[in-house]
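Should a chain be cited, it is by its letter among A, B and C, assigned in written order, with residues numbered from 1 in that chain.
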């Protein structure tokens, strides 16, 4: 057996340097990462990267920063597995391996000139933040913007400062709700779907992008369809375990679709053809 | 493409000629009517009349454990991408397994290309061997038209009375014929014998299931919710035997193998199976094919439906390995028949 | 920071797993570069009074004395590895749980039963928290090294939760059932590289069962091969009785 070195393979990692770590909650931290030579990641909102630490492994993480902001990019990481727990142990200046960006992100072109309704549940706000900030940075390209956010409780809310800023802006309608809270909580209590009827919208002019845990999709989609938004104008980001990112390993496959290459973002008229996808 | 003849008396010389140049891999007997592809150096080690080996030759194209990267974390995340290669001649590969390799070739040359696979493949020479008769009742090669050669080989041997009819398919194959100096000119008698054999095969190999090739994907589409899957799921032990022995199952896991110093190591890929419960689990703990019936249905669809949408080809080769190896005796032909009955 | 202090302990067992470690050969020298071995009865006589970074415990808990001992070990260590079937699933010691404890005691000690107080067999994790598991009777040396590396790096080691058949197929063995021999591979969790079958033996289920076996399906299979499910259940009890009797 002979070993041949190759210069170009899908498994090559770029050496990313951690430039900032922001604790968000007890479970989540945000990492700012710089690529060699200060290169831009060149991603679309909604895409993901494979983050790796040699000796530990690799995991798919969605990019939470907008490509319009700086050259570095940001990842929100929940300590939920072998790799993500190891990431939480790292310090500023440490290196991580980066592959990607992978997949098809949120649809920018169809959204332009239209009203948009962005809905996030739990950690789903992380990938959606990349789109929200992209929209804010190109605010005049879009019509009315509504953002709905649901989380378990106020303690698990991510990006609190930014949420406050979105709430303040007069050109964005921001509304959030928690499943449960202490009596002193002044905001909404209830599941995310309870916020949808309150949104005033022109259904044919509205595109909705939904991002959250798998259980949320069916209920949210039902509400959106009831509002009269066409199936083609509802986009979902599907969570699967993208292992190789290259459309080969089979882990993220739903029927004939590879989430890592064909997704993770799909329009509902496509998703509903894929039995068992949501 | 041209044809030539190898007298049977010279086959051993040919094997020895090959093995003097590089390792030769061929089917060898393990007893109990079971076989495996293994290294040989002469004809007497080879089982020329064999039923499909336990593992298909995919183990040489994408080994069970394969190094992708070598890493060193003593100075950050340093790495070097590698391919482990070895020049091999695979001799005696049946048409079902040639078809399996063609399927893998399609998957790994689809973009983004998998260079680890494609580079290794270049080191391998394929010599096919025709099945003159059925191997056993598990095979379903005729329904998929894989009982006849459809390319994918460098040389292809068909056994006649006194000699092998040899199709030369590539430059690499031609070179072996030329350099060995063991082959004879084609003659009309051999041409006649081959035609006769093929006629005989036409009679012998009839589609094992009463369905037309082009109608198969639709069958699986229409029976997605069939109770047949319930039954199959109740029997399945989820051992993963069917995927490991399948010539076209290529799912894998990627993991790191650190050396004892914990600074150097290798990133490897290992065969994985969609039949295991954890296969489609995400970090949040949710599994998307939790039930055995979901996983079994997924596997059948990954042979007969999904690859047709993506690669315009059915990924079942008809080798019968999954039925042969299944502890629960979930039989591929029976399952297809049950689905067809269900639909009526 | 010095090398981690590592100690090996044995409760009720045959100490065969220690022997596997002692027999690691060249790998053992590499392991010793990495750790500071402070206690290991089978290879050294020194004792250590301080705290252990890593305690590696073999054997099951079969009496009050061994319970106290394993609790003390847990209190003195940061990370605990249970290794060998006796420690992880009860192993052959578990067989005594299949009948009343008095019966077993009487059979072994006769009229001297009072001299040897005993309890039902318990696995280490039925008494104290276990951080890593290395199953097997005996342990499979390459897996021991794998787990040791994970423990030293502070990473989890998930025991494979699929059947031994997977690794057995990787190794292209002729299936024991095709040879007409019963084998527990289809319901036993992998990680041993089908060690026994590679060597011509059958699988005895020493690593414990996969977490979600298809019991009905397995019984079907046994019927198909004309095997008595009770016979298989008995075979499985050879190593797994301690877990069965307390898991209910």
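The criterion applied here is as follows: contacts are C-beta pairs under 8 Å (C-beta built on N, C-alpha and C of every residue); 3 or more make two chains touch, one makes a residue touch a chain.
Since the structure is predicted, the reported quantities are computational estimates derived from the model, not experimental observations.
Undergrad: Quick one: point me to the chain whose Cα centre is farthest from that of chain C.
TA: Farthest by centroid: A.
Undergrad: By CA centroids, point me to the most central chain in this structure.
TA: B
Undergrad: Which of the two pairs, B-C or A-C, is linked by more C-beta contacts?
TA: B-C
Undergrad: What whole-Å value do you get for the distance between chain A and chain B if each is reduced to the mean of its CA atoms?
TA: That gives a centre separation of 39 Å.
Undergrad: Could you state the distance in Å from the CA-based centre of chain B to that of chain C?
TA: Their C-alpha centroids are separated by 37 Å.
Undergrad: Distance between chain A and chain C based on Cα centroids, please, to the nearest Å.
TA: Result: the chain centres lie 43 Å from each other.
Undergrad: For chain C, jot down the residues that touch at least 2 other chains.
TA: 153
Undergrad: Which residues does chain A have that touch at least 2 chains other than itself?
TA: 55-56, in rising order.
Undergrad: Out of chain B, which residues touch more than one other chain, so two or more?
TA: Counting only residues that touch two or more other chains, chain B contributes 258, 262.
Undergrad: Hey, which residues of chain B end up touching chain C in the complex?
TA: Counting only chain B, the residues touching chain C are 30-32, 34, 36, 53-55, 59, 64, 234-241, 244-245, 258, 260-262, 271, 273, 276-278, 292, 325, 327-329.
Undergrad: Would you tell me which residues of chain C are touching chain B in their complex?
TA: 27, 30-31, 33-34, 145, 149, 152-153, 161-163, 165-166, 169-170, 172-175, 177-179, 186-187, 212-214, 216-218, 220-221, 224
Undergrad: Which residues of chain A touch chain C in their complex?
TA: 55-56, 82, 86
Undergrad: Would you mind writing out the residues of chain B in touch with chain A in their complex?
TA: Within the complex, chain B touches chain A at residues 67-69, 71-73, 76-86, 107-108, 110, 112-116, 119, 224, 250-256, 258, 262, 265, 267, 269, 272, 274, 279-284, 286, 288, 294, 301-302, 305-307, 309-310.
Undergrad: Show which residues of chain A lie in contact with chain B when the two form their complex.
TA: That would be residues 1-13, 15, 52-59, 78, 80-81, 84, 95-97, 213-214, 239-241, 243-244, 246-251, 253-256, 275-276 of chain A.
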